[in-house]
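I am attaching a structure below and will ask some questions about it afterwards.
Letters A, B, C, D, E, F, G and H mark the chains in the order given here, with residues in each chain numbered from 1 onward.
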Amino acid sequence: MGSQSDWPTMQRAANILDELNVAYDAKIVSAHRTPDRMYMFGKRAADEGYQVIIAGAGGAAHLPGMLSALTHLPVLGVPVQSKAMSGLDSLLSIVQMPAGIPTGTLAIGEAGATNAGLMAAAILALQDADLSDRLQKWRAARAVAVAETPSDEV
Amino acid sequence: MGSQSDWPTMQRAANILDELNVAYDAKIVSAHRTPDRMYMFGKRAADEGYQVIIAGAGGAAHLPGMLSALTHLPVLGVPVQSKAMSGLDSLLSIVQMPAGIPTGTLAIGEAGATNAGLMAAAILALQDADLSDRLQKWRAARAVAVAETPSDEV
Amino acid sequence: MGSQSDWPTMQRAANILDELNVAYDAKIVSAHRTPDRMYMFGKRAADEGYQVIIAGAGGAAHLPGMLSALTHLPVLGVPVQSKAMSGLDSLLSIVQMPAGIPTGTLAIGEAGATNAGLMAAAILALQDADLSDRLQKWRAARAVAVAETPSDEV
Amino acid sequence: MGSQSDWPTMQRAANILDELNVAYDAKIVSAHRTPDRMYMFGKRAADEGYQVIIAGAGGAAHLPGMLSALTHLPVLGVPVQSKAMSGLDSLLSIVQMPAGIPTGTLAIGEAGATNAGLMAAAILALQDADLSDRLQKWRAARAVAVAETPSDEV
Amino acid sequence: MGSQSDWPTMQRAANILDELNVAYDAKIVSAHRTPDRMYMFGKRAADEGYQVIIAGAGGAAHLPGMLSALTHLPVLGVPVQSKAMSGLDSLLSIVQMPAGIPTGTLAIGEAGATNAGLMAAAILALQDADLSDRLQKWRAARAVAVAETPSDEV
Amino acid sequence: MGSQSDWPTMQRAANILDELNVAYDAKIVSAHRTPDRMYMFGKRAADEGYQVIIAGAGGAAHLPGMLSALTHLPVLGVPVQSKAMSGLDSLLSIVQMPAGIPTGTLAIGEAGATNAGLMAAAILALQDADLSDRLQKWRAARAVAVAETPSDEV
Amino acid sequence: MGSQSDWPTMQRAANILDELNVAYDAKIVSAHRTPDRMYMFGKRAADEGYQVIIAGAGGAAHLPGMLSALTHLPVLGVPVQSKAMSGLDSLLSIVQMPAGIPTGTLAIGEAGATNAGLMAAAILALQDADLSDRLQKWRAARAVAVAETPSDEV
Amino acid sequence: MGSQSDWPTMQRAANILDELNVAYDAKIVSAHRTPDRMYMFGKRAADEGYQVIIAGAGGAAHLPGMLSALTHLPVLGVPVQSKAMSGLDSLLSIVQMPAGIPTGTLAIGEAGATNAGLMAAAILALQDADLSDRLQKWRAARAVAVAETPSDEV
């Protein structure tokens, strides 16, 4: 992610990966404040064995797209909700990539971070039948947990 | 895709998959006009051997998200440019999924369709070293093709 | 509605139906988390005797449009106010349906839920003179309740 | 509708009602240029035997909401695509009605007009089994007409 | 104004008119809940001696435009800040009037209400030299009150 | 107006004033390119006998608001439709004035220019019974000209 | 800046200039309330030795563009976050200047004010090697301060 | 600029620099397709003697902000008008930079490119009296060229 301040959002992705027992690294790599770190991370990510990259950023959110430019690995982008524009700027900065450099973009904010974790798991599950099984169980459990009728007590 | 009218956009995804020699099916599955077809396709997609689903739709674009709900496979969504809202409605209908059901969303229109093809290839390349090689070469060739200086003749 | 969290909004529709003495069922049917439940509900709604369906959802709000696709009954959609986009995403996801599959959309949030209840009543009142009478009295009472001049005490 | 210039859009509603053999009147009633005509039409609509009102207007589109205020009949609103704002102004002017006065709003432009006709038919079909049958056949025919695969010739 | 809930905003207009010693009536006239009251008020406003009408409303804000349709007097519209759309819906519903029926629209919220009072005064001052003098002094006093440098204490 | 390129829009205001036989001057006064001319015009407008100012501008449209700051006369603003933002930038730049400095804003583009002419006439008609009569006749003629039913020939 | 209320935002620019030891004046110059003061300031700024002007304003934010019109010095604009539109109105009013009159616009709110200070420093550093050195050290220190991994304690 | 396709827009900046006799290089440096080229250019720009960088890009426009991250030189950003979003995505991707990394952003499209050239000239003119003189003359000539009254012939 681009900043410590993105962690409360991005931690949702980490939580899902923990729940599904998927190994990951959580790093702060700022496209704007630490461009060298970002450049090196992106160039080496495939060689260092990463398979999927989740990048969250807000405002003029360049981290996901720049990583997409620096690696051929699949990159998932999470638009962090920004103060003035409520994440519309983050969303457009991440999703409107030019032809040739894809970033798979999730929803603005915490839902998007959760879903980035789930999508990374779904990608990895293509080559990991156990993970696929855990993922399907996770989804089925959530469906079952939806009550049939609304409750006033909540 | 949701309609024959989406084909000029979605064909860009097919073109990329052709270029990278990735097998695919192109189907018209409308969430709104053929909900049964969509429901059956989504439920059976994993069992029928699909690995990644690319879904394009415009306006109140429900196809990508509904397929995400019906399968645990990774789903990529392409917001087709709509008439009145220029695809902003398509984009928000696809990307703003609730926590639990991810859709990896690409850019509005043809760039997004091209990138959906590339992202599907990047996902499949994680378990296919030859495809990974073809993808890296495709990207390298495109980088080389960028001229150093602008040309007035274009 | 799509989620327990939509109930504080959608309860406004229930309240109006209670006030006007119209029978209804309140169910949680999530397009994304419980697509099977949604599919079955939509397919069977007409046969089970429902006459009008009110569906509320937020964000990438697919429930109203999917129910419109699954039944020929009139479907009313309520865009629940979302966190990042204040319901603009919900509104566009519900209202921008393609030709062939209508969803009658009400305002974002509680006003829309109240109005969904009123519109359902107005539809049912076409074949129920007593309900029509109750509805007209409800409207007349509200008009009378509007003060002529503003009050500083409020 | 509010103006002759809205007819190319609103004619789609008329076409659907013709196809489904539903009787209707097409009138020009401008909230802004002919407020007396609008006021009288709204006040008398129920007594004159109208059952559903479809109102289309663009820009600061007040006709649907004003008719909703003047009659207890169900009113469907069609946001006509405007020049500068592409119908976003029309949409918000129609859909964002306050609690108490519902307008069932359809999509911007021709799709919305088509759907207003379909929704009116769905409402009337609740008390007309033959119309319900025609409506279901119309919908089924459209589903069948969706090709399985895209065609490059189009 | 359209509702008691608009009074905290619209009171700013009243305050300015009080400060400038301009006579006015403050009334609640709802386009949607009391369309008869609105219709009568608009039709009779000129005959009853009103010279300028200030109308404030929020959401699908039809009151200013409908009064503009019902009277040839100058009408000023104030978009009250709405909950979900922050007044963008109110603004577009008021300002985007079709050719032929003008509404002079002020800013969203309290600033707009203050300015509606000032603009009404400026209009009336064209035929009232004393009011023109009071208005010019009010403006001059405000200019003088602007400090040369910012203060940290505020 | 701010530029020769605004004339096709602003000419609509001139046309209305011609139709209603109201005297006016049409000037190009650019807030950005000729700030001195604008400053002098605004400061002297009241003394030179102007009664109402109509200012049209596009993009970052500062002319209407700056004239409002420079004169106590009523100022009407017309947002000229801009290329990239379709006049949304013009509209917000004109209407969102701070408390103290009112600009009565009309619709984006030609409808707004027409209405600026009509509103200026309505303001001047408060002290000119003949003009009021002409204005009322103009409005009545337009209402009569609205056909009762739509015509396919158009 | 245009108002005392802009100071909490604009103080971020002052803080940066203090940190980098750049001399500056902080003045309140309102385009709308004190147009004479603004006009004089803009006309004389170059002669009085100013080199870069930072102007912050909100809503219909005319100060930055008007200063750009009045001086040939580089002008930086900061869109102050507004109440109803969250600064989108401020941003468009500042950035959408017509060809010929540039305003270098920074982000909405405090980040933009900080960056206006940094950009002014970067401009002045072109002719001041010591300042360039201080600026580079400031940037390097910030990069170093970015932690490698996120911390839950924050 | 990021692409040959940006040249018709960015050429406006080049034209202004030509008119004002300012030396410049025009390069294609794509943040996404040639990230290495961009990285090297940004890191070396100051050492190679560049003083001001003008960067134009469209859609998810990362080039201006990434160059701002890679160099301490002043960077000016031009949002190129994009297809689906008309440059709103470009604008937000460029202007909404986080505190610490400024990009001075100009208007969307050709006006912005022209103004980027003028702003670069204004910055350089701080240390070049002859350029300052040429810039002031250019501005004065443009002011004189504004006609006093509009012409119907155009």
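Everything below uses one rule, namely that a residue touches a chain if its C-beta (ideal position, glycine included) is under 8 Å from a C-beta of that chain, and two chains touch if they have at least 3 such contacts.
As the structure is a prediction and not an experimental result, all values here were calculated from the model.
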item: Distance in touch steps, counted as few as possible, from chain B out to chain H; value: 1
item: Labels of chains that are neighbours to chain C and to chain G; value: A, E
item: Which of G-H and B-D has more C-beta contact pairs; value: G-H
item: Geometric centre distance via CA averages, chain H-chain D, whole Å; value: 48
item: Centroid spacing, where centroids are CA-atom means, of chain E and chain G in whole angstrom; value: 34
item: Intercentroid distance (Cα basis), chain D paired with chain A, Å; value: 42
item: Multi-partner residues of chain A (each touching 2 or more other chains); value: 3, 33, 59-60, 84-86, 88, 95-98, 100-101, 103, 107-108, 111, 142
item: Interchain pairs in contact, sorted by label; value: A-B, A-C, A-G, A-H, B-C, B-D, B-H, C-D, C-E, D-E, D-F, E-F, E-G, F-G, F-H, G-H
item: Complex interface listing, chain H residues touching chain F; value: 81, 86-88, 107-109, 111, 142-143, 146-152, 154
item: Residue ranges of chain B touching chain D (in the complex, touch as defined); value: 1, 3-7, 10-11, 26-28, 30, 33-34, 36-37, 59-60, 83-86
item: Chain E to chain D touching residues, read off their complex; value: 2-3, 31-33, 35, 39, 42, 58-60, 62, 65-66, 68-70, 82, 84-85, 88-89, 92-98, 100-101, 103
item: Chain C partner contacts - residues on chain D that touch it in the complex; value: 12, 51-52, 72-74, 76, 91, 95-108, 110-111, 114-116, 118-119, 122-127, 132, 135-136, 139, 142
